[in-house]
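Here the structure comes first, spelled out in structure tokens, and everything after it is commentary.
As written, the chains take the letters A, B and C, and residue 1 is the first residue of each chain.
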Amino acid sequence: MIQCENLCKSYGGIVAVDRVSISASPNETVGIIGSNGAGKTTLFNLLTGFDRPTSGQIYLMRGGGKILLNRLPPYRRAKEGVGRTFQNPRLFGNLTVEGNIQAGALGAHQRNVDYEALLNELGLWEKRELTAESLPYGDQKRVELARTLAAGAKVLLLDEPAAGLNETETAALADLLVGVRQHRLLTIILIEHNMDFIQHLCKRVYAMDLGKIISTGTPKEVLESPQVIDAIFGGKRFDAG
Amino acid sequence: MNIRRRFKPGRWGCWTVVVIGGLGVLLSRGSAYQSQIASRMMIAACMAAGLDLCVGIAGQLSLGHAVFMAAGAYTCAVATASGLGIWMSLILAVLIGAGGAFILGYAMMSLRGDYLAVATLGLGEIVRVALENTSSLGGAAGFYNIPRFTTPPFTWLLMLLCLVCAVVFKQSRPGFLASAVGQDEEASMAIGINTRHAKVIALMVGAIFTALAGVLYSGLNGFISPRDFTFTRSIDMLAAVVLGGPGTIFGPMLAAMLMECFFAVFQTLSVVRMILYSLALIVVTIIRYKKWRATS
Amino acid sequence: MQQLINGLSIGSVYALVALGYSLVFGVLRMINFAHCDIMMLGAYAGYFCASYLQLGFILSTLWAVLFCSAVGIVIERWAYRPLRGIRGMPIMVVAIGLSLLLEYIVMFFFGADVRVYPPDFLGGILVIGGISLPVSRLVALVLALFLMGGLQFILHKTRQGRAMRAVADDSIAARLCGVDEKKIISLAFAIGSALAGVAGVAYGSMYLISPLMGTTPGLKAFAAAVVGGIGSIPGALLGGFALGLVETFVGAVWNTAFKDMIAFIILIVVILFKPGGLAGSKVGKTRL
């Protein structure tokens, strides 16, 4: 389980993240929504170590113990099991699918990674010998996910996983995430703009605006809350059509 | 685990390096001049291999690599002058090169690309000026009376050693990690790779090759001076890496050998050759990376 | 006092060149490695005008400025623009290639040996209160200050200048406001190169010129720009003058060798510990 308390980040005069406290537990998918500039990606950067908070604590609970993540650089957090994907998949272009996944395992000192099972789980077995840069966008995202899993991630922070995917691909991704999560008891936090995706996958949602959390609860509750409708949807109710 | 398969540098390329070097050795029987050229070619190849690990594989642009060469050369000079044998001097020089790389690496590897380049450049200048002003090392006039132990066959052997070690490194775990870091540092951090560590290791191994080249260089004419280790030297190395194909190891080595040969033969046209050379650098880089941009 | 003038005059050269580095970095987020060689071109252009064409100080400087601006624009268009957006290494390599190209082309035409500006270019010594001040240094100083004032004016009072600051601040936002990024980048290069041209003439009239003269002062000027805060105009000014003064002082008190090293030592120290420089710009270190 991962949680942060009163996390703040300011750049000079601008407050990007303002006293944010969130948490997510194993086998749970938590969503974060908000308009652009609300501080979602900054929050992810803070959680994964790519940025240092101005104040606040970030904890990882594992096997009964509480680990303070604040002082750990990104690679250490990755080793502790905090993995992330990026808005645009950042693969090692020259390596094959298999090579990328092996990179994940090697980097984090993971032994006994069952590559075959992982590739099959993510539907990449037939494509394992293809070069990463030759793959279509949707597959690249899967490879990035597989690589993160190979690195031993128990907590997945996914930055707009459904961005750029069409309806079929999005649905497939949703099913994939549910399967992977249940199979490995992962904790998943995702940033998304696709509300259908959020509703389908997330047990809980946080809505952010201007760096603060303005609402939290089940997807239905959050999407119907007046503050959220105001801040994020510009006054219009979201219809799950 | 089939990473090794993916990373085997072109077999043809490596053998070409070996063969050309060997040819150089054979031809050098002819005259002292040819012997000089042959040795220089292979020394350049070692330097290029060293820099390739840092620039081509780990993606860190170093503009001051001549300092490692200088470290190797001066250590050897001082060691032999103090009475240590050649082999001891070699080992000592290599250790100092690696040690220097270790310190510099940890100090500088957190710097962003252009800043790292400039910092290494500044460092190169500082070292050069310092050498010029250290009379115990000969100052600007240089260090004389170094035993001339550098023969083409010896150089060839060491070059082969560098080649083999570089290839082994590239296929090893540290080499693989360095390569990942070179391709995408943030993604590497996100999957648990200690990027600073990986970069420093690549730098250290590369520095060993470069220092080795320095040792050979000092034994070439029995004389070294700060003028041998200027920014131009670092740039020559860099050009070899860029034109030869960063990351391939044999490419930069071949390029270095060919360049050295070319310069020796066409010495009279030195200014024109520099003009052509720099044009080549510009044009080749633009074309190569413009293609990348078009496809990404 | 003599040293003060010396320090300020070399400082103004550094400041002018540093401004060029900062301007280009501001709009393009890259370090134009070949910048110091543009300064060298300026020095040679001035020399050419003064020696061969027998033009006076003002015309020579003018031609040098125009020439350098043109070269700067050409470089940007043909060498840097094709690689726009690619991280680090290829651009540095191209810049180094350009640097070498310029140096050796000049060497081809003028030979590698050192040249001196004709003595009547800015000759003469003013003696004020017992201190002898070479006219060349004074003129360099005054000219530099004047140009810097002009630059500040351009940046803050003209449309193009404000557009340039906007692009430096946030290029995407600037584009959304209708700023033609390409033109502004060309302008930044043109101005930066023009300033470097003046610096070249100034330096040349104070000291000697040679094809490889650009590297050392250029690097020091870059150090000055970094120390002042790369991308910051006041920072470049501050850094340039500060470095000039420090260097002259060190050279006077200790020996000249140390004088050459001090700039680079300061550079490395600043880069390692405070990459934002005095003005505190937020670039330089990779995240964590």
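Here are a few things to note about the model shown:
Methods note: a contact is a pair of C-beta atoms (placed from the backbone, for glycine too) under 8 Å apart; a residue touches a chain by one contact, two chains touch by 3 or more.
Because the structure is a prediction, the values reported are computed rather than measured.
If you tally contacting C-beta pairs for each pair of chains, B-C comes out on top. Of all chains present, the one whose mean CA position sits nearest the global mean of protein CA atoms is B.
Averaging C-alpha coordinates per chain and comparing to chain C, the farthest chain turns out to be A. Centroid to centroid, with C-alpha atoms defining each point, chain A and chain C lie 46 Å apart. Chain centres here are Cα averages; for chain B and chain C they lie 31 Å apart. Note on chain placement: the centre of chain A and the centre of chain B lie 42 Å apart, centres being C-alpha means. Shown for chain C are the residues that touch two or more other chains, namely 287.
Annotation for chain A: residues 49-50, 73-74 touch two or more other chains. Contact of a single residue of chain B with at least two other chains is seen at positions 186. Interface residues of chain B, counted against chain C in their complex, comprise 55, 59, 61, 63, 107-108, 110-115, 117-119, 121-123, 125-126, 129-130, 132-133, 185-186, 231, 235, 238, 242, 246, 271-272, 274-275, 277-282, 285-286, 288-290, 292-293.
Within the complex formed with chain B, the residues of chain A that make contact are 48-50, 73-75, 78-79, 83-84, 86, 90-96, 98-99, 102-104, 106-109, 133, 147-148, 150-152. Across the complex, chain A is touched by residues 1-3, 6, 173, 176-177, 180, 183-184, 186-195, 295-296 of chain B. Residues 30-31, 79, 82-83, 85-90, 92-94, 96-101, 103-105, 107-108, 112, 215-216, 219, 222-223, 226, 257, 260-261, 264-265, 267-268, 271-272, 275, 283-287 of chain C are the ones that touch chain B when the two sit in their complex.
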